[in-house]
Amino acid sequence: MKNWLQENNWKETEEQIKRGKGVAIIPIGSTEQHGLHLPVGTDTYVAITLAEAAALETDALIIPPLWFGWSPHHMVLPGTITIRAEVLVEYLFDVIKSMSEHGVKKFVLLNGHRIVNIIWMQLAAEKVQRELDVEIKIFDPAYMSKDIVKELGYGPVGHADEIESSHMLYRYEELVQIDKAVDNPISKKDLYSVDPAYEHDTLCYVPSSIKVAKAHAEKSGGTTGQPSKSSKEKGKIYHDHLVKNLVKVINQLQI
Amino acid sequence: MKNWLQENNWKETEEQIKRGKGVAIIPIGSTEQHGLHLPVGTDTYVAITLAEAAALETDALIIPPLWFGWSPHHMVLPGTITIRAEVLVEYLFDVIKSMSEHGVKKFVLLNGHRIVNIIWMQLAAEKVQRELDVEIKIFDPAYMSKDIVKELGYGPVGHADEIESSHMLYRYEELVQIDKAVDNPISKKDLYSVDPAYEHDTLCYVPSSIKVAKAHAEKSGGTTGQPSKSSKEKGKIYHDHLVKNLVKVINQLQI
Amino acid sequence: MKNWLQENNWKETEEQIKRGKGVAIIPIGSTEQHGLHLPVGTDTYVAITLAEAAALETDALIIPPLWFGWSPHHMVLPGTITIRAEVLVEYLFDVIKSMSEHGVKKFVLLNGHRIVNIIWMQLAAEKVQRELDVEIKIFDPAYMSKDIVKELGYGPVGHADEIESSHMLYRYEELVQIDKAVDNPISKKDLYSVDPAYEHDTLCYVPSSIKVAKAHAEKSGGTTGQPSKSSKEKGKIYHDHLVKNLVKVINQLQI
Amino acid sequence: MKNWLQENNWKETEEQIKRGKGVAIIPIGSTEQHGLHLPVGTDTYVAITLAEAAALETDALIIPPLWFGWSPHHMVLPGTITIRAEVLVEYLFDVIKSMSEHGVKKFVLLNGHRIVNIIWMQLAAEKVQRELDVEIKIFDPAYMSKDIVKELGYGPVGHADEIESSHMLYRYEELVQIDKAVDNPISKKDLYSVDPAYEHDTLCYVPSSIKVAKAHAEKSGGTTGQPSKSSKEKGKIYHDHLVKNLVKVINQLQI
Amino acid sequence: MKNWLQENNWKETEEQIKRGKGVAIIPIGSTEQHGLHLPVGTDTYVAITLAEAAALETDALIIPPLWFGWSPHHMVLPGTITIRAEVLVEYLFDVIKSMSEHGVKKFVLLNGHRIVNIIWMQLAAEKVQRELDVEIKIFDPAYMSKDIVKELGYGPVGHADEIESSHMLYRYEELVQIDKAVDNPISKKDLYSVDPAYEHDTLCYVPSSIKVAKAHAEKSGGTTGQPSKSSKEKGKIYHDHLVKNLVKVINQLQI
Amino acid sequence: MKNWLQENNWKETEEQIKRGKGVAIIPIGSTEQHGLHLPVGTDTYVAITLAEAAALETDALIIPPLWFGWSPHHMVLPGTITIRAEVLVEYLFDVIKSMSEHGVKKFVLLNGHRIVNIIWMQLAAEKVQRELDVEIKIFDPAYMSKDIVKELGYGPVGHADEIESSHMLYRYEELVQIDKAVDNPISKKDLYSVDPAYEHDTLCYVPSSIKVAKAHAEKSGGTTGQPSKSSKEKGKIYHDHLVKNLVKVINQLQI
């Protein structure tokens, strides 16, 4: 697929940048535990599939994926790789700086690692906007599905939950072992919710401490939410909704 | 007021830490342009007044205020001081580390500079929780007033808007020149809102680029929102609501 | 008091900068143990009161105070907050850089935390002078009272000593508990004195190691010097002398 | 392919680590111009195909690929992404640290970006060996084919040369446009050769300055060497030789 | 001379450390312009000769000299090399850390680059004392000759002045071209003197800005002071006084 | 010797830069254990003697030597000083930057600490070439004697081996105690050799871990190789060969 930068030679890259009207998508995920039923690459797969679907409709260039994100709170289970946030900021800065020197001035940071990666992406986005005269949008599936998740009958954003599991079932069924899923429903807390769709007063998100993360891991094998509610069909609705929004965002940049 | 650390000698500090059950509030604001009607210290004043009110009810210790925050997008108007986010993270780290060595293990980061400061506070919070075995809550007025702002008839979070102006009128009337306020109503954008109470799909917040900030500054003298709608009475409702929530958060930590 | 930046809106800031002829005072103190009779905020209070007095006579702008300094050697007693020197350098750099973009090109770094803060201030001063084309003066009470301290009958610079205690008695009597003061007279050492007024050969100042600081803390509750010799009247002489010098320094910059 | 970390859930990761006897391969490439006939992802593809082939024979775990390397000298042509060496060191440090906390203690850094990446990999390798008690081997195709490249009738290591082109033809024929290749034979220089197989006195490698790189780019579209000499068959000999060596290195670690 | 670390093998180093009772001298100078009559290595030569003389009497180990210091204000004339203060702190940290792992726990930082180097040495000294449990003394010729310089009839500390020139004449006559010296007497300034022997109120030292340094360079070829007053005999008095003090400091550490 | 920067005043420095046609040699060694028969300064002495010999023939300027290098793997024996590679990069950057501001644009980094220092020198070289428009050559004795070492009948590059020992015997006989030398012949390893003259497939160099280094230290007192084979005559052949190559490299830069 010629939207992926890595498959082009440098001359074709020039042409692809023009075709995509100077917009590039950077898929950024994580490699981290996702319970007993999802692969540790889940977040990156999510970013990849959304990027590919939207690139097909917009001709945007896709940068090779960043497989590692900020996951300090998931180090309690094997397979998790976490990079310090300050290193990720500099790493992404260099990716964007390099491409901006080749004429790409508009970027969509496509976050497959819902919520958590947003923090360092915001720092990186502000820094490159200020220093490099580029325009950055941060696209996060949790913030971009507020309109539909409740309609689907799904609970708040968790981890390896019914939302992610449905999405993976729809796009990467061969990597999902839904029979191994363990439910761990999210209990309401007074004045705290991670979910961007939460409508009431709340403290702000801070990644769980190791102590709290360990308790989760023991209870449910790393899951927060109700993966048993997953369905391929709802995964499709979720996927199509996100792609539609992503295409809209890219089109706004391509004008 | 003996809740303020700086007024105690070291022996009294020990006693005050005990009285406050090991909880400290760190008021963190900004020094930045707030339109033609509010002082540049607004965000820090907000953090100070909330801290004082909640400390009275909880005996929590208050750390001297951090007067400077992350304000790169307001440098277009005089009086704005911005510290790089990575410097703020290390600065706050040292404040918390110092107090944790004196036995304070629970902190409320009280953000007077709505939304923008949250980003680097989250990085700092994760870092100290992991390295120092402390517990951190981030309290932001915009996230903690989702329940009431619409009832007050106020628009989304802006800058030097009716929410901030009402609060300042109620608590620091002598510093407000409401007659100089210029309205600059927030227009709806497709797929983007800064307001945590926004109920629809949205891209994530990124501080405005200098270009966009300049346009604002010229249009309204730095205001986004409708300060003309401000009222001291509504400022009191807002203030009391925030203090009630803050007291609740502190009490949860004091158990 | 309109000399304080934080009380002005951005338009008034512009005017105040002009009135002060482009000179700003940055009061920099510490939050650290000051024996059993002085509050931990002592150094910052000192910087604040000197800044206010001199601003009244010169119209200089005052930047909100930096409450935390470099105090690694006082961490042995509660209430002390220390920031790493390298973080303070970057923090102050950003404060000065921000204000220099608004047209302030001359700064007096007003050190309330005698001697110790000078070190990192010198690094910051050199850096901003080289990179930002500003002019920096470092004003330290110990260096600026060499002419009078001996006349007052006071011993060398210590900590929470008769000099600081007299000054605090004169300016912040309500925060001083002079009856709790414990004397700990400074013994002469061969080839070492911290005091800038010392007239003989000496090694250079290095902050005490934790071991040495602990011994002090146990002996006198954190005091070095003879606070029992304090007097409000002498505090006034000291204060007036410093203000006179500070006004002179500012006036030299305002030409 | 279950050797790839990303396809496993955390429980399977545990098992795969055991199966691979605690050895992991980290494929590290680059995204950079490779003349008019090879894709910009060439170096990463090389690392991936070698990793997969050796993993099949050894059960070693493969970490998701690092698509970006240190390529400052190729920024003269589009599609090149370069990360600062000091950022790459910290990034790789965190990857290895994360996996070492999950029990992986032996790593092969598999460099697809011949020669250039070695430098920062050595720094990272020394650092993790000292701080984390792990064992690191750096495997570079140019150093690991000294025994055969001359037999194949190939010239010294260049860029997008007959060696790389043959390898890509054998493994990724669909990404190669050999008809577009431009030859740019390497001229002998007195006392300087980049090639590890060079037998005479030489200065050490330093990446070309931008000036020199530009001259190359204009002359041959980014190629150094003679891609016209490429052949799929020789690509196979080269590939098999490297895989044999890589398997041997992994086996030595698995004992 | 076996006091110099570099001349010993590792076994002899062990013995030399014992003989010197665990004390090491680190001679730290600069390479910077010293007017038209002194070599750019002057400050390092000063540190070397003092170290050698004191080592002879105390058996202290001498670490190889640091030829480069912090000299941003002398970059206006050729031959000056300046290292950023923050780099010097880390560099010296590693030197001390390395030797402390071999059992040396007491260090004299011997500053040949009067005044200017003290600043970063203080930061380094505090850092190593806190982190490595070592004891550090900073020995500076200007602070250690307050007792005699006036008796010699010399003016305040300048640059390439009569003090340094006399010392160099006495110890390195072959490197001095006293006939080329240009006088540039130091004029009294209100409230400012660099000289540690100055008895009146003063601002603190900040290295000259480039603008000021340039003016000096044009006026006198880089000299501040009156080198014409130099004399070998007075150089001897100065040298012997410093060596006597240095021996005393080392002896205090050797107990 | 007027080629040494430190012996010149700033005016003579200008002249010497011209005489040397803008080329400077930076001798960089190490201070580290070199077995029982060589001084810890060996690597720096090697760099110094080569620099002096080549400067005599080319008029190149010599910068004062850097006595400390990157030696983490030799910390197991006393007298070794190691600086972190990232600190060395910044330190050398500042040295080159300072001299480039005085008109020196071509540098030979002369490595006395064979192989190990090359790594960080390459990083520094790339950085200064990119940022400062200078030209850098890295000259390493092991890479520059591939043509003759086998002829001399010497084994591969080790540590304190017959090559270094012969060189030291020829140039610094008074510092060598050849009777104390302990042989520790280098055994062939499959797929690994540090020697740049090695003709077969090999992994890349990584400095030994502490564990491995300790084993060496116990076995042979820190030697790897066969110092018993040393000879002053062969040392002369080696030295003259290196000087001839170094002169050639400098001459190429002087055109």
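For clarity, chains are labelled A, B, C, D, E and F in written order, and residue numbers in each chain start from 1.
One rule holds in what follows: a residue touches a chain if its C-beta (ideal position, glycine included) is under 8 Å from a C-beta of that chain, and two chains touch if they have at least 3 such contacts.
The chain list, named the UniProt way, goes like this: A, B, C, D, E, F = Creatininase family protein.
Owing to the predicted nature of the structure, the values given are computational and were not obtained by experimental measurement.
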*Give the fewest steps needed to get from subunit C (Creatininase family protein) to subunit D (Creatininase family protein), where each step moves from one chain to a chain it touches.*
3
*asked:* Looking at A-B, B-C or C-E, which one is a repeat of the E-F interface (more than half the contact pairs shared)?
replied: B-C
*Through what angle, between 0 and 180°, must subunit C (Creatininase family protein) be rotated so its C-alpha atoms fit those of subunit F (Creatininase family protein), rounded to a multiple of 5?*
120
*Whole-Å distance, subunit D (Creatininase family protein) centre to subunit F (Creatininase family protein) centre, using C-alpha means?*
28
*Provide the C-alpha centroid distance between subunit D (Creatininase family protein) and subunit E (Creatininase family protein), rounded to the nearest whole angstrom.*
49
*Which residue numbers or ranges of subunit C (Creatininase family protein) touch two or more of the other chains?*
none
*Chain sequence round the ring, subunit C (Creatininase family protein) first and subunit E (Creatininase family protein) second?*
C, E, F, D, A, B
*asked:* Give the list of subunit D (Creatininase family protein) residues in touch with subunit F (Creatininase family protein) in this complex.
replied: 72-73, 85-86, 89, 118-123, 125-126, 129-130, 135-140, 143-147, 190-191, 197, 199-207, 209-210, 245, 248-249, 252
*Within their complex, state which residues of subunit A (Creatininase family protein) touch subunit D (Creatininase family protein).*
4-11, 13-14, 17, 31, 33-41, 44-45, 63-65, 67-68, 75, 77-84, 87, 90-91, 94-95, 98-99, 101-103, 175, 177, 180, 221-222
